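Structures follow.
Shared between the two complexes below is chain A, which has chain B as its partner in the first and chain C in the second.
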Partner chain A sequence: MSRISHLQSPRAQALILLAPAIGIYTIFAIWPMIEVVILSFQRWNGLDADRVWAGLENYRYIFADDPVYWIAFKNTVIWTVLSVIFPPLVGLLLALGLNEKMFARGAMRAIYYLPVIIAPIAVATMWRWMYDPFFGLFNQIMTGMGLQGWIQDWLGDRDVALYSMFIAYIWQHVGFSMVLFLAGLQGVDRSLVEAARIDGASRWQVFRYVTLPALQVTMTIVIVLSTISSLKAFDIVYGMTGGGPAQSTQMLAMWAFTQSMQIFDFGRGSAISVTLLLITLAVVVPYLRWSQKREDAAR
Partner chain B sequence: MTDVRLDKICKTYGTVEVLKDIDLSIEDGEFCVFVGPSGCGKSTLLRMIAGLEEITSGDLSIGDRRVNSLSPKERGIAMVFQSYALYPHRTVRGNMEFGLKLSRMDRREIDARIARAAKMLQIEPLLDRRPAQLSGGQRQRVAIGRAIVRDPTVFLFDEPLSNLDAALRVETRREIAALHEKLGTTMIYVTHDQVEAMTLADKIVVLNDGAVQQVGTPLELYDTPANLFVAGFIGSPRMNLFAGEAGPEGIVTASFGTLPRPDGPLPEGNVTIGIRPENLHLTSEGGARARVTLVEHLGNEILVELALADGQKAVAQGPRNHCPTPGDSVGVTIGSEPLHLFDGLGRRIETRSP
Partner chain C sequence: MSATTTFEEDNITPARRRDPLLVVLWVALVTVAAIWVAPFVFITFTAMKSNSDVMTTSAFSPPTDIAWENFSGAWKKGNFSNTFLNSVIITAVKVPLGLLISAMAAYALARIRLRWGRFLLVFVLFGAMIPFQVMLAPLFTLVNSLGLIDTYIGVILPYLAFGVPYQVFILHGFFRAVPKELSEAALIDGASHFTVFRRIFLPISLPVLAALLILDFVATWNEFAMALVLLQNKNMWTLPLGLMSFQGQFSNSYGQLNAAIVMTVLPAVIVYLIFQRYFVSGLTSGAVKG
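Moving on to the complex of A and B:
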């Protein structure tokens, strides 16, 4: 009897519901994170039985001697800045358009969201075909339109490869921002818009003074999530260019993978991962605090 | 002159006609209340006057201008919303000055207007707060303040009291009446609450099913409802309605016997007799027999719900000194007030005293 009532207490029920997830997260997320930090201070080729303590040597190497690390770092920064600006911006514009009453609105929303549910590696493969210099869609279209001068080796030219890849990334991620903004727009009080119209606000002023402030929370969420997902960009690089040509599309996540899994230097790979982890935490921790505060305030 | 004139105003959404041929004229300085049940089109009508809804057909003029295609701002109106619709990220002052700033008004003039309105509404200490820090009543004042500073020619109120609790509702209602007294501006007010309509209005417009049922002063509507709908809608508790048959001897009813013919022409056939609850009296002997089913105490008076012999329900309102208990058998008589008679189509039959 008393055992049953113990199990029925909210605290016990919460624990029962959380236990499997805690177990899985410990094994597959927390432990690997600790392991990576430890590995970053060691030298290991992934096969030997013992790992050699190396101190800060791996860090010294990637910061001072690794010819690729800073290229990957710079590319990751460019990539992140672009990802924070363009997918949210395009997503917001789409959401504003699709928030109006119009023909086939539901279908259009579904279509724009569709790429989000495609596996990133499939997206990478699709776009690699489309970017193919000889048989790809883009160059075929340009030839057909007589624009031979615009033809590029989209993924083979080191000045354009990163941006070509980014176009594919936008295509896949825009739907995600759009859906969040649509939800945000639904939360904009209609009577506020009407009050602003009665106050004499133009369409732009209504957007600027009513809609945009009401979207502030959504915007923070979209930007933070975009930052996080851009920092971990890996599969699209792996699938489209593998980091080339001449490391021009190399990024931190990809370079950590290459160091560990292809060069078999797990120490350096881990050190790169740890730097990426710290950058990500610098974004995530303030965000989590902020959202926690909002949640507490809403209570 | 800022009278408001509606000439054959219609509103359709697709094939659904929500407002049909509304003709109405609201005089300068008048307090006009649109009242009706939910979905009768009263809010839509107000929003059409505001310029928030397009007018499908007909003419709307404010003052001597036809304003059909003018923007809300150009119409010179101000509106107070049910939800207050205060900009949440702006202070009270920011809310009040928003429209004035958009119209590039001189800073000193803006400050002067806000000071004046804030004083009138006693919201001066709140000017630097945000809406979230205000109570419902305070928000409503700010919403009214935002309307006042625009110095509109017509005020529009869309159920402004529905989100307030009962005590505050009565208080704010009085303040709105006082405001109208002070400003003398034309006001159009939408509500579903007939008490609000009765207490505030110079002129009430009763709407149902997208059509005007009757226009008149509160007492005109109460004393001479134009049809069964108005009879049932205006007055609380509702008017009792009984079926009867008009013949040469009088009006034959199931419970009250034959009532004398009123003066004036009375078409023969089925009629409906309307008797206000205060015009039904309980007696211990005589009258129509009825069983008491419910007694409600209003304090000074009681409402007695009755089941008449033929099963019909009725409500009588009277003094509390003869308070029956549910289950009692009582007699019911009709008082001396004039009866309301309606023909088979529900239209009022004009009579003089019975």
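Moving on to the complex of A and C:
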């Protein structure tokens, strides 16, 4: 090792190791995020050479004049609230059940997780077919059980469509929460549970005072991840309803896409994106702070 | 990684005294599991029925004559040979390459003392949380300005960018936990960090890399939104785009539509069934234990 070159300084080596990942990440993930903010202050159709400065006009338009923005906003809020409650709740119940030793436990865990790995667009296509008003699964079951009165045009009725779509979403996402809770349950001290049982604690008391407190961290993680993934719901909307009927399933991510890539108003589309980005950051930044603190405490 | 759950760790011991509550619980779980697989059964059955059978037979009755021609028909009409090949090429390049650059960066952040190391780490982790769905328009603008719309590279580069954060996060956690002694001796002997990375860290992290590889395979295989804006030319479409267009054009050929769904989903399902335990360890090692 007589030849001393730049390559031997640890700093230079670190730079070489970091460059590809950080470079591509900065250009293709961070830059578009900055660009979306810039675009939101401009008027542009995506093709012309010049992009005209528009100040806050795009924001004024989407908040005051866009007939769809607030519908999409409301639907996104409903969707997020539902996604924060139901998939984690069902996932927790399944995890608690499947944490017990029982026959075919492995097979059941695999079944509940299976929808997670399927392309959301394929889930959308599958469920669209199951909701088919004439030959779809749901209306066939209703007919079979003599419940003709319940037959619906599941995705065609604007009062029901959003919730029909949400059922498909639950089906796909429950497995994800379940797996995280199962992992969290590994951290629950078995001997503590047994000690509590011996001391005469009921099942509910064990759950309430031993299991639940031990799951607090997992719970936070599941809830934050569910929030984030619900805010970016796009594939399922695009594939199942395209936002219809009559915008009743329209959501922010989808509406931003429609404005930019289909109506070719990049300014308005980006302004919508920025509002969604800010909502996401309001969840993400406190969460990152919290997890950093946790990590520091663990060190 | 030691306490991660797997689906396969069951060792069933026959219960000596059956707990009645556990029996009720079991029945409930099996019932719900049956509901959970029902859509797969329905789709598979429909995929194997002719259109007239779909309209006349019940949803859960198995097909009597298997209509294999649904698959060949959908394959041809949906231009599957093309979309399948595109998906294979994009996934085969993106997944290993992404993992390599993420591992390199994670190693540098975890094992080389850098003044701005901590800032860089947070900068990268931040990306795991921001939804690319809000950036579809600027991504299109960027890739378009580089003249890369409708090219493999044009979609692979953004895929790489959005894969980096999560993988760096997981691998950074793993690399940092490696005992110092393992690398220090080599470094003192004059080995470069490249050598230590390649000869020591890559081999010991094979299980984590395998888990990430499989998770990323599924994510890349399934990606839709970015492909939708970056691949406009029909001949460059990936499988999810092909399926979407198939649904739009042939929504009344029920058998073929379902055959198309089955063919799109099958590769991911097979990979999942083979590598189940990696999925779980890959997910949980990051989210819960990190």
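In the analysis below, the second predicted complex is superposed on the first by the 281 of 299 C-alpha atoms of A that agree within 3 Å, B and C clash if a C-alpha of one lies under 4 Å from a C-alpha of the other, contacts with A are read in each partner's own complex, and residues count from 1 in each chain.
In this section, a contact is a pair of C-beta atoms (placed from the backbone, for glycine too) under 8 Å apart; a residue touches a chain by one contact, two chains touch by 3 or more.
Please read all numbers here as calculations on a predicted model, not as lab measurements.
> Clash or fit: chain B against chain C, after overlaying the two structures on chain A?
These partners fit in the superposed model.
> Once chain A of both complexes is superposed, is A:292 in touch with chain B (first), chain C (second), both, or neither?
After superposing on A, A:292 lies in contact with chain C but is clear of chain B.
> In the superposed model, which partner reaches more residues of chain A, chain B or chain C?
Of chain B and chain C, the partner in contact with more residues of chain A is C.
> So, does A:71 touch the first partner chain B, the second partner chain C, both, or neither?
neither
> Answer with first, second, both or neither: which of chain B and chain C does A:205 touch in the superposed model?
first
> Quick one: classify A:178 as touching chain B (first), chain C (second), both or neither.
The answer is neither, since A:178 touches no partner chain.
> Contacts for A:54 in the overlay, against chain B (first) and chain C (second): which applies, first, second, both or neither?
Neither partner.
> Which partner does A:213 contact after superposing on A: first (chain B), second (chain C), both, neither?
After superposing on A, A:213 lies in contact with chain B but is clear of chain C.
> Mind working out whether A:237 is in touch with chain B, chain C, both or neither, as first, second, both or neither?
Neither partner.
> Just chain B (first), just chain C (second), both, or neither: which does A:192 touch?
Once the two structures are laid over each other on A, A:192 reaches chain B alone.
> What is the minimum C-alpha distance, in Å, between chain B and chain C after the two complexes are superposed on chain A?
6
> Indicate the residue numbers of chain A shared between its chain B interface and its chain C interface, in ascending order.
On chain A, the chain B and chain C contacts do not overlap at all.
> Using the touch definition up top, name the residues of chain C that touch chain A in the complex.
3-5, 7-10, 12-13, 21-22, 25-26, 28-30, 32-33, 36-40, 42-43, 46, 54-55, 58-59, 101-102, 104-105, 107-109, 112-114, 120, 122, 124-127, 129-142, 157-158, 160-162, 164-165, 168, 190, 192-194, 197, 218, 221-222, 224-225, 228-229, 239-240, 243-244, 247, 254, 257-258, 261, 264-265, 268-269, 271-273, 276, 279-280, 283-284, 287-290
> Going by the contact rule set out above, which residues of chain A touch chain C in the complex?
Answer in residue numbers: 1, 7-8, 10-11, 13-14, 16-18, 20-22, 24-25, 27-33, 35-36, 39, 46, 94, 97-98, 100-115, 117-122, 125-130, 135, 137, 140-141, 144, 171, 176, 179-180, 182-184, 186-187, 203, 217-218, 221, 225, 228, 231-232, 234-235, 238-239, 253, 256-257, 260-261, 266, 269-270, 273-274, 276-277, 280-281, 284, 287-288, 291-292, 295.
> If you look only at chain B, which of its residues touch chain A in the complex?
Checking each residue of chain B against chain A gives 50-52, 71-73, 77-79, 81-83, 85-89, 98-99, 102-103, 146, 150.
> Can you name the residues of chain A that touch chain B in the complex?
189, 191-192, 194-201, 205, 209-210, 213-214, 216
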